[in-house]
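Here subunit A shows up in two complexes: once beside subunit B, once beside subunit C.
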Partner chain A sequence: MIAAFRVFFTTQWASFLAYRVMFFLYSMWAILPPLIYLAVWGTVAGGGNVAGWSRGEFVVYYLTFMVVNHLTGSIEIHTTGYEIRMGDLSPRLLLPVHPALRALASNVGFKTIGLFIVAPSVLLLAPLFKPEFNTSPGMFFLGVLAVLPAAAMQFLWGYSIALLAFWTTRADAVSQLNYTFLFLLSGEVAPIALLPEGLRTLAAALPYRYMLSFPVEVITGQLGGRQILLGFVMQGLWLGAAWLLMRFTWQRGVRHYAAVGG
Partner chain B sequence: MAQARNMNEATAHPLAEQNPQHEPIGSSDPDRGAHVLIQNLSKVYRVHEREAGLKASLGSLFRRKYRDVRAVNDISFEVAPGEVVGFLGPNGAGKTTTLKMLSGLLFPSSGTVRVLGHEPFKRERSYLGRMSMVMGNKGQLQWDIPAGDAFLVNKVVYKLSDEQFRTALGELTDLLDLGPLLKKQVRSLSLGERMKCELAAALLHQPQVLFLDEPTIGLDVTMQARIRSFIGEYNRRTGATVLLTSHYMADVVALCKRVIVIHQGRLLYDGALDALSGKIAPFKLLTVQLEDTVDTPAEPMDALAPYGEVQRNQDGQVVLRVPRAEAAAVTARLLANLPVADLSIEDPPIEDVIDQVFSGNALAEAHVEAAR
Partner chain C sequence: MLRYPAIMWVFVKNSVQNELAYRFNLLTNLVFTLVGVVTSVTAVYVIYGHTRTIQGWTLPQTLALLGVFTLMNGLINTFIAPNLDEFAEGIRKGTLDFALIKPVNSQFLVSFQRCVVWGLADVLVGASIVGYALLTGFGEGVGPLQMLAFVLAAASGAVIIYSLWISLATIAFWTVKIDNMTTILRAFYNMGRFPVDAYPTWLQRTLTYVVPVAFVTTVPVDMLRGQGAPLALVGSLLVAAAALWVSTRLWRFGLSRYTSASS
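Up next, the complex of A and B:
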């Protein structure tokens, strides 16, 4: 399986490199929206602060957010969802390897190449916005560690949504709905700490925070030890749930695909 | 049933020997030694239907109408190891649906499907590793990488050793003349070149069963012939079982001793290609040319019409269609009553027979029974 992943990764990498301009534009998706919210919140904070957040803290938060956003984002609606809609899944199903492995390789390949665009962009932006770092190496390390389950959650979640294409040609509509939740509850429109009480509670319970905001919060040193531990537990629980969801959707979906043709 | 190829011949092939997955099926297996076994197989699709127009479109939002389409209807057949069988039928006959059930892409509505002792829909790796399906209109090669890289993917996925891969690729490169294509991006290959690469990708792991769904579709005549001869060569070399659908009769005539004809999901004929005409279209074609004498009727067609159905009248030659059983008697009467200069009796061309079947004419005229 590792060998299959490696060969898929290599070919996906080569395939992505054939579309450098497209790649640049896709990578901008990870950067531009947080940049806009950074500008908004930075302006609101001005020389003072908003709910205890200074302008410099917003800068650190959103710059970190850009990188984590890129590393955790799901592209499966565009890869697997498209394959199902176009009937391209059939040749994949004939191979003695689960098609999700290729999707995963595609996901990792996309992020690896994209990092060469996102990381320098963030490094270039940083001096312009004057960030204020309040973190420790330990927190930074723990936050980086939390990126992995967050990315895995988004992959499984995104893959499950893409699999809805087995039933409906409008799986992308469900994907849009998912993006809306992600936008609201993953710390993109505003850091979770700044959300109203009700939304904060919702964010703590639903998976979206743990898919993106949680690693950013840890890296930027916003959370205490107990909160970090709780966050990892929630990540574990939601990761397990996402895995079950993906397996369930796959088993049902592929049978439905088989039942209706393709 | 056409004679099964001797499995010893299959294992004598060096590639087959190297492939540990190639093991003959024992005589005690429930598949009776067949590579493909289908019994009372049916497939029903449920399709959503609505009238054209905005009103119907809005209506279908709230109340959907469905219709059951029986794509494959209670068909049964077996294919022995090493056979090459042509699967014939018009568009929508159920050929591709059957092949998809055989390859595990579709789940049967009822009946039994077994290939190489496996139930295809379970998609066990041990099954997928021993079969291949090539779809003329849906390739497995990734477009943005060279074909050679795509073959490397299959090497890993099918767990081929370096030696197996090298030998298989070498052979396929020779047979299909792939050398110049391996480094080209798949998207820049012509349709024919791409199909050659698709075939190579599908055969690298030496599948024991090969399903080919319109492998020559859209190709020019030369490339069709090339692909055709390659498939025949592959079958001879490896003893693989091949099930082939094609719209081009030339493919079937060149490759298949046995054909299975299905129409509207039902099996119409299963037997030797040679016997197809006799079973399905029990008539002969008499080509008659009359002498140019004073006794010759001014219009030969009028004179010949009472002897059979006139198919064609060109350059003084009239082609008559007469029932097979009456061909001899009609010929005798023709020779006795008319100044015949030339006469020949032939079976109708296979294309015409198939066309008749699909247009429904033959069914009305002939009682068709499955050969077995």
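Up next, the complex of A and C:
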């Protein structure tokens, strides 16, 4: 399986390198939307602070958010979803490995190449906003550790949504709805701590916060020991649930699949 | 000149008939309009939960701005985006020929021959948000004069966003593919959901002089707030005229490069 992954990874990597302009544009999409909220919150904070957050803290939060958003984001609706709709999945079903492995290789390849564009862009943006970094190396390390389960959750979750293409041609609509939840409940519109009571409770219970916002909160040093532990437990639980969801949709979907004929 | 409105009416009628064939799509799109609006309104309320004003903009004023943003977005999705996507396709396949042999202005034909009516839902919802904001504590002194200035500024905002879009689309005469270009434009247009005053100076300048999104949402609502008039209004009308002129020049220049797709 590892050998198969390596083959998939190399071929995906090579094909992605052919689309350099796409990566540049993609990095604009990763950076510009959070930039709106970074700028607005920064202005609201002004010289003082909002609910204990200074301008510089918002800056660090959102710059970290941009990078983590890139590292955790799901692209499966564009890869797997498209393959199912166009019937390209058929030859892949004949291989002796699960097609999800190829999707995973594509996901990892995309993020690795993308990081070379997103990270420098964020670093270029940083001096324009004067960040104030106050976290400890330990927190930083723990936060980076939390990125991995978050990315895995979004991959499984996004893959399951892409698999809806087995049943409907509008799987992209579900994906868009999913993005709306991420926007509201995973720290893009505002850091979770600044959401109104109702939304905050919802964010704590639903999986979205653990897919993106949680690692950002840990990296920027907002959470205490207990909260971090609880966050990792929630990540573990939702990761298991996402795994079951993916298995279930795959088994049902592939039986339902009628490829587009030539 | 009089036949252009008549032709426009035929385009709209045809498109409505076409779209009504896909009723389920119409329904899902309506749901998405609502989800989108609820999300953006929530975002505004979340921010105003922590502050009373942002650089002088009150909650109803920012809501009105969001209304204008939604309305313009509806116009983009109804008229501009579907046509210009099809235009790029026409260059790739050579079907642009059919537009060029018709006895009307080719830029007009390519810009408006198709419309996706469900975008009009955004226009209605956007207008309702503006109305709601005006009725719930927008501020003193919104008289007929301010309304007139608002309508004029909004109209020139629409002309500006159209000109930007078609100018970028003419790049297709050279590169064939334009979806990348319109993606960037959309990312910048999205910044229009907040007043430019809420952004740092360098970003304000970018949104005023480089990608003039400020004229599309901020300036019209400024007219209602009694800010910057009449200078900003005159500026907006001038920018609109200049942008439209540049777009027609670019269109003709691009057209002279067109050699159709057949061998």
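Operating definition for what follows: the second predicted complex is superposed on the first by the 257 of 262 C-alpha atoms of A that agree within 3 Å, B and C clash if a C-alpha of one lies under 4 Å from a C-alpha of the other, contacts with A are read in each partner's own complex, and residues count from 1 in each chain.
Operating definition for what follows: a contact is a pair of C-beta atoms (placed from the backbone, for glycine too) under 8 Å apart; a residue touches a chain by one contact, two chains touch by 3 or more.
Since we're looking at a predicted model, the values are computed, not measured.
Enquirer: Considering only touches as defined above, state whether A:184 meets subunit B (first), subunit C (second), both or neither.
Expert: The answer is second: A:184 touches subunit C but not subunit B.
Enquirer: Kindly classify A:202 by the partners it touches after superposition: subunit B alone (first), subunit C alone (second), both, or neither?
Expert: neither
Enquirer: Where does A:144 make contact in the superposed view: on subunit B (first), on subunit C (second), on both, or on neither?
Expert: Neither partner.
Enquirer: For A:22 in the superposed arrangement: first (subunit B), second (subunit C), both or neither?
Expert: The second partner, subunit C, only.
Enquirer: Who does A:115 touch here: subunit B (first), subunit C (second), both, or neither?
Expert: The answer is neither, since A:115 touches no partner chain.
Enquirer: Have a look at where A:7 lands relative to subunit B and subunit C in the superposition and call it first, second, both or neither.
Expert: first
Enquirer: Subunit A touches which residues of subunit B in the complex?
Expert: 45-46, 71, 97, 100, 103-107, 121, 123, 125, 128-129, 131-133, 135, 138-140, 142-145, 149-150, 152-158, 185
Enquirer: What part of subunit C is in contact with subunit A in the complex they form?
Expert: For this pair, the touching residues of subunit C are 28, 32, 35-36, 39, 42-43, 45-47, 49-51, 54-55, 180, 183-184, 187-188, 190-191, 193-194, 198-200, 202-203.
Enquirer: Where on subunit A does subunit B make contact in their complex?
Expert: The touching residues are 3-4, 6-8, 10-11, 14-15, 18-19, 87-88, 90-97, 255, 258-262.
Enquirer: Enumerate the contact residues on subunit A facing subunit C in the complex.
Expert: Listed in rising order, the residues of subunit A that touch subunit C are 21-22, 25, 28-29, 32-33, 35-37, 39-44, 50-51, 128-129, 170, 173, 176-177, 180, 183-184, 189-190, 194-196, 199.
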